[in-house]
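Just passing along the structure, written as structure tokens.
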Amino acid sequence: MAMATHHFRPQRYYTTIGPHEPVLRIADGDSVVTTTVDSGGRDASGDQVTPGGNPQTGPFFVEGAEPGDALVVTLDQLVPNRRTGLSGTTVAPGVLDPDFVRLLPEFAIMLWDIDTATGTARPRKLDEPHDGLVDPPTPLEHLVLPLEPMVGCFGVAPARGQAISTATSGPHGGNMDYRGFAQGVTVLLPVAVPGALFHIGDGHATQGDGEIVGTGIETSFDVRFTCRVAKGVGIRWPRGEDRDYVFTVGNARPLDQAVQHATTEMLRWLEEDFRLDLRSSSTLMGQAVRYEVGNVYDPAYTMVCKMPKRLLPERPGDGRG
Amino acid sequence: MAMATHHFRPQRYYTTIGPHEPVLRIADGDSVVTTTVDSGGRDASGDQVTPGGNPQTGPFFVEGAEPGDALVVTLDQLVPNRRTGLSGTTVAPGVLDPDFVRLLPEFAIMLWDIDTATGTARPRKLDEPHDGLVDPPTPLEHLVLPLEPMVGCFGVAPARGQAISTATSGPHGGNMDYRGFAQGVTVLLPVAVPGALFHIGDGHATQGDGEIVGTGIETSFDVRFTCRVAKGVGIRWPRGEDRDYVFTVGNARPLDQAVQHATTEMLRWLEEDFRLDLRSSSTLMGQAVRYEVGNVYDPAYTMVCKMPKRLLPERPGDGRG
Amino acid sequence: MAMATHHFRPQRYYTTIGPHEPVLRIADGDSVVTTTVDSGGRDASGDQVTPGGNPQTGPFFVEGAEPGDALVVTLDQLVPNRRTGLSGTTVAPGVLDPDFVRLLPEFAIMLWDIDTATGTARPRKLDEPHDGLVDPPTPLEHLVLPLEPMVGCFGVAPARGQAISTATSGPHGGNMDYRGFAQGVTVLLPVAVPGALFHIGDGHATQGDGEIVGTGIETSFDVRFTCRVAKGVGIRWPRGEDRDYVFTVGNARPLDQAVQHATTEMLRWLEEDFRLDLRSSSTLMGQAVRYEVGNVYDPAYTMVCKMPKRLLPERPGDGRG
Amino acid sequence: MAMATHHFRPQRYYTTIGPHEPVLRIADGDSVVTTTVDSGGRDASGDQVTPGGNPQTGPFFVEGAEPGDALVVTLDQLVPNRRTGLSGTTVAPGVLDPDFVRLLPEFAIMLWDIDTATGTARPRKLDEPHDGLVDPPTPLEHLVLPLEPMVGCFGVAPARGQAISTATSGPHGGNMDYRGFAQGVTVLLPVAVPGALFHIGDGHATQGDGEIVGTGIETSFDVRFTCRVAKGVGIRWPRGEDRDYVFTVGNARPLDQAVQHATTEMLRWLEEDFRLDLRSSSTLMGQAVRYEVGNVYDPAYTMVCKMPKRLLPERPGDGRG
């Protein structure tokens, strides 16, 4: 099967993930090269081309994907495509002790210089005062952060004909804001409608755990991804894989419930694909599991449950090879 | 000031952390070499010498420590001192989707061989059947885990004359079950009573994030720790430091509240010791913070908020040399 | 203005609340007489006429309703229209201590006789065995419960073009499963799209607090409701009013967050309509507020915050008269 | 057996509930007439006689009470014994949407006149300005609230030798701040130490659900209570009974977990004393249970699960008669 690469230039964007008219139909195994606007709807030129709120490129219809399958998406390339980004400058009230909230400074946005050549981001002074924008505070003037590009929001059309805001997340993916969704990672999503309808957007040049200021360094991206269909691979929550780990993703509040979803999904995965009975998987996870916080900012929080591949049995061919 | 090293052999153990009669008085800066029994009360010989429930060695009275100070404890050495450990073999019901709980196998304990020479732990077959003990399940028969010794439970006498069960945790420390409390780490605890009254126990040869099977690999330890007093360093939650990170510890349920405590405490610390105003610390944490899950098993959950030291300003001399 | 009463016979039903094609356009002040199917899609004859999942009658387009207004719906009549209902017979695992879950009997449904003449419901024996249905357990054979009909799920199209599953709830209303949504109650909902698009369904002949078995006594209803538009009355969460109380409704998990939404919305309401500054409203609520649990079963839990009208100041004409 | 009535005048007070030296030994069935200071440590004269923090009268040693029994306490009389009380005037930040917190006025205390003759409480103007005290806001100047006296904090020594702050609550009781703990109610508490060691304090002239301003109308009380021992009645959480309801009490955070504790305890009670198997109790609770919020302010929140006695089977003699 010859895999095609599609170059797609978005004309419109959605701020829900749902059963929208597909912008492109691709075959199982095809790749797409396209762009995403930043969370505020600004493109590579910095122009606002669509209203904000994590606007999504897509949806892409993947032929052969049917409810009950998993869509397997490899994030082949995630590259900021402009030289500026924005971030919040105050920790979200919901992440702080309630009686500390009154001490917070006013919400404001700060600019960053993004340099993909050096792989760094630096706080950027304003050319002139803007409402709601602040200059980098003095202690951060010489800060240099490494770029670790990731996508905050992507997913497939949810079950039951729902169209769900890109502010939040669920079994279908959505606004998970997990910094582990980086270049090279492969993600599985539960297909709920024919064609899966994959959406993607909300690039971050980098982001801390939890997205606790409500943003990463928000910017527009050049992206390339490849979609395959894993027939009959019924999953309940997003799953992912990088070089060293397999991981599962729970999206819910409180974080405890996100832990429950992610942990249960990992037990299921270890049984289905790695042939570990529940006592084996429990014992192993007990001593080797890692958790990472996606976000503790959005309406649904995101918790990731990871297992190191070197400790897991060989998988029989799992249809995703 | 000449620092002394005290060799202490425990005669009794406590399953609360509280204002108990000190077993030893030490000077500011002194070190203690002692032992801890495992969570079930078994010592280096495997004999049960005290009832289970995370029995603590101590308390140690540190001269000069007064309410309003911080006790600074360096975990100099944490070494398993017998060749066997125990772990749970089923993920705790509270960490799973409620409707998955019925699929769990029966609770049972498994043995491990601990080899400090090779730095490994391996599942161990039973010599003969025991009630409540199971053989390693077949898929784990050849598993080898690296030792990463840590202490699950330690702390100082809490405020208000309380004596708090070593099953749980709070501002005073306690049963945090965080695998980052490893050899070489320095921990700060808020002193609430004269002498601080430091307790320590519950060694784990290793443990996954979250302690989701309710145990690490539980075993007895040889420990060495050093206590200093940071006068007037008022902290609200445990703080710690290793080579690369400073971190704060929140203990509460749900995990969201533990996040709030740890994050707020980090903002306070960055302001007090690193001279970062709230907008600077917020902005920096937003893009660089890391969270680690201590436990999601005990009555209070534990969340750790970490900041990489390389991104922080130089600290003025902070009395903790 | 002459108010019309529309008699509407539903032909199709939705299991999302969203921007669906209206089934009827009505004027501000009009009433609708119609029917709802039960949560499983069964009508007055007991025939399954649509798939289950809280199918909704509607949506009804209310002329003049615009984003920023409140839709004011009076539930004029809520009457079960068949003689049978169904309920769950096991408390939901999520409402129980996790280690108790394994003791639960198998999930099963029980039938009830509904008698609107006597206003009672009684457990009903099966005519013949059915899979998934159980006979009333012996201790309940003579149980008689009073009917307290209510609607579990209703709402208006949500913001941002979303279509949200009728399994859950949010600012737009939805599956709140609050037994206080009974005949005679007036509800305010935040209008997010032109015409508001009111949906209604999921009648319960009665229900305990929390809907802890996952159901009330589920049955089909004859309903009559009246819709008015409160222009410019911007609300964030559903509000309601009965003879003695005003109340606000928060939908979220954990229940703590639902408490936050409902309490904050009540403070806003007391300020906007009752002219109570925050210190007055706080002081009064502190000693007089009542909370009621809607549901602790659905993906979002529901908490209701109530204030007795006799303790509140007179309202100036509030546009809802 | 002749029951005695003991008149006890407290000399000292505790701000933990724990294994303190008993102030009085009483027989099974005896009554105690005594007084409690208010949460701030002020007595009937308004004098501060002990530090604040819900100081407790007691503990009372009840002869015959052993671990594994329940202590049955009837709150015979709860009467405010001075003419003034105090309350908070701002809703606690933790009960509000995090982004609303900054709108709160400064924390301050208000005085109330308490009139047991008319059974009313009214806001009271200050005789002269005091730091931290405010005059009643104008809209509340003519407010009259009915007295509904209750005790916020009481309990027995907890398990494991713990001494737990009277700021919080647990299986042993403690600071539950539930307005249903009113005169005439009978409460069961799980005995963990010989003699049970009953403590009582923190009277409120009235209180709203949730204690959302952090206080009821705090005042000192004359109290009379009667203690009996229910041998071998093993309970896990406080239980209570009034004329119409039996109820169980869960103390935890988040509120969801308090719901789990209270609901599970009710299922246990219905099985043990009312002979309802789990399917019967589930079915009945599903349609008839009521929940009430104790507090959503203290470190542990309190949720009460109630069942109407008229719907329950006759109890066989339950040893508490």
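Lettered A, B, C and D in written order, each chain numbered from 1.
The criterion applied here is as follows: contacts are C-beta pairs under 8 Å (C-beta built on N, C-alpha and C of every residue); 3 or more make two chains touch, one makes a residue touch a chain.
Just so it is clear, the structure is predicted and the values come from calculations on it, not from any experiment.
Student: Going by average Cα coordinates, which chain is farthest removed from chain B?
Tutor: In terms of C-alpha centroids, the chain at the greatest distance from chain B is C.
Student: Where are there more C-beta contacts: B-C or A-C?
Tutor: If we tally the contacting C-beta pairs, A-C comes out ahead.
Student: In steps of 5 degrees, what rotation angle do you get fitting chain B onto chain D on the CA atoms?
Tutor: Best-fit rotation on C-alpha atoms: 180 degrees.
Student: In terms of residue numbering, is the interface formed by chain A and chain B classified as same (over half shared) or different (under half shared)?
Tutor: Chain A and chain B contact each other through largely matching residue numbers.
Student: Which whole number of Å gives the spacing of the CA centres of chain A and chain C?
Tutor: One centre to the other, that is 35 Å.
Student: Quick one: chain A and chain B, Cα centre-to-centre, how many Å?
Tutor: 33
Student: How big is the gap, in whole Å, between where the Cα atoms of chain B centre and where those of chain C centre?
Tutor: 47
Student: Which residue numbers or ranges of chain D touch two or more of the other chains?
Tutor: 96, 98, 104, 253-254, 256
Student: Quick one: which bits of chain C touch chain B in the complex? Just the residue numbers, please.
Tutor: Touch list, chain C to chain B: 92-94, 96, 98-99, 101-102, 104, 254.
Student: Considering only the defined contacts, which chain C positions touch chain D in the complex?
Tutor: Residues of chain C touching chain D: 87-91, 95-98, 100, 103-105, 108, 110, 121, 123, 134, 136-140, 143, 145, 206-217, 253-256, 259-261, 263-264, 267, 275-280, 282-293, 296, 301, 311, 313.
Student: Looking at the complex, which residues from chain B come into contact with chain D?
Tutor: Result: residues 15-16, 18, 53, 159-165, 167, 252-254, 256-257 of chain B touch chain D.
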